[in-house]
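Order as written gives the chain letters A, B, C and D; numbering starts at 1 within each chain.
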Amino acid sequence: MEHRNQTSTLISVQQEDFDPGTEYQQLENSMSVGAITTFTGTVRNLNLGDQVGGLFLEHYPGMTEKALQAIVDEAQQRWTLQAVRLIHRIGQLYPGDRIVFVGVTSAHRKEAFAACEFIMDYVKTRAPFWKKETTPDGDRWVDARDSDQEAAERWR
Amino acid sequence: MEHRNQTSTLISVQQEDFDPGTEYQQLENSMSVGAITTFTGTVRNLNLGDQVGGLFLEHYPGMTEKALQAIVDEAQQRWTLQAVRLIHRIGQLYPGDRIVFVGVTSAHRKEAFAACEFIMDYVKTRAPFWKKETTPDGDRWVDARDSDQEAAERWR
Amino acid sequence: MIKILIFASLREQLGCSQLSLDEGEYPSSLFALKEKLAGKGDQWRAAMTSNRTLVALNQTMIRQDATLHPGDEVAFFPPVTGG
Amino acid sequence: MIKILIFASLREQLGCSQLSLDEGEYPSSLFALKEKLAGKGDQWRAAMTSNRTLVALNQTMIRQDATLHPGDEVAFFPPVTGG
């Protein structure tokens, strides 16, 4: 597919915060677009009713980048995209902190929306990250959600 | 519905450009979120194969704000949202210029994605804006697309 | 008096962006108004009978018929293409 | 030699994050490896027979069986919860 060569892709796994405004600007500059869709996930301070004091994001170094690249590659095979930006943070995070950013540009909004949501659904179910929450009752591993599995399965 | 009172909404119809980074920041500051989805539409320089030199956006003053508010209200009735930002530009625009911005924050990504796409699909089919393109063959009104109508109809 | 507004390509086709009809000059319903305007000539007939022409009554899109009252604002326009 | 990695809640349950098996210590297939590890105790048996436990071979998730080769990296972990 010729358009795959024209897609600009950047994937980062990092402890540092990122600036969505700057990321947005770079997406917009990357090419003559039409539609730009972004998703940012942040740490909520409530999960299943308990107060969350913090979150530790464990990952599988080495596999993480590979898994994210595979997800972005699949998005590029499914839709005609111009640029994709994917950032996932690791380590200790606190309520309000950003965790993940997905930015997609395409000539058409339907493709930009679909690819952005697809990437998030697949990151949630196929990328080796695990959250451990700090609550007043102690630390606990966050359980995988059936709703995330279902969200990913509708793309099959 | 109680959550409607907690939703912060801002709608603008303006000739001036806007800064997506600033808009993003305000969405993020608006409340303790979880998911932030944004869509930005820009003027493409190719439409149906012809080179587009510019675009004039005519609108129906008075009805425009009302129509956009109705679309955002409906999104807030369908999903639990924290903040909605909608900007639509009018007047003379050029390739690469931003036309429209939709930002939605919600506790859950599925709702943020759905509401953002819903608002765009409805803006495309229910808000009184009309594009007139400048091409080498002269000015021409942009035709409404069946695909936009279909996109809007799937929300019924 | 009611105010009639026409937008975009429809405005150009009809060569008219706005007209006012005084009491007695306009019928009691929206559909009757469309019929009356259709009588203004071939272009008007085409515009008023096309199922592509959208109608807004007091700045809200409407598909069914409605009673007209003094002060009403009726707008006719082609399918929208914003966003 | 093959390397075995264990992550997150599974790592805590098994009290083990990494182990290596030398030539002759590991069987020729992934499924046989799971059976061998299941023999290490009740916790290991529970982990290796649970259909919630995910497996990656050389950093790619895999559901079917596969032949093991020297230098392979096998990882076991619970369902992922990033994003």
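Here are some notes:
Going forward, a residue touches a chain if its C-beta (ideal position, glycine included) is under 8 Å from a C-beta of that chain, and two chains touch if they have at least 3 such contacts.
What you see is a predicted model; the values in this text were computed from it and never measured.
Contact with both chain A and chain C is made by B.
The fewest steps needed to get from chain B to chain D, moving only between touching chains, is 2. Greatest centre-to-centre distance from chain B is found for D, with centres as Cα means.
Chain A and chain D have Cα centroids separated by 26 Å. With centres taken as mean Cα positions, chain B sits 23 Å from chain A.
A separation of 71 Å divides the Cα centre of chain C from that of chain D.
Listed for chain C are residues 83, each touching two or more other chains. Within chain A, the positions touching two or more other chains are listed as 41, 109, 120. Across the assembly, chains come into contact as A-B, A-D, B-C.
Only residues 41, 57-60, 62-63, 66-67, 70, 88, 99-100, 120, 123-132, 141-144, 148-149 of chain A touch chain D when the two sit together in their complex. By the touch criterion stated above, chain D contacts chain A in their complex at residues 5, 7-9, 12, 56, 59-61, 75, 77-83. On the side of chain A, the complex with chain B involves touching residues 19-22, 24-25, 28, 32-42, 44-45, 95-96, 107, 109-110, 112-113, 116-117, 120, 147, 151.
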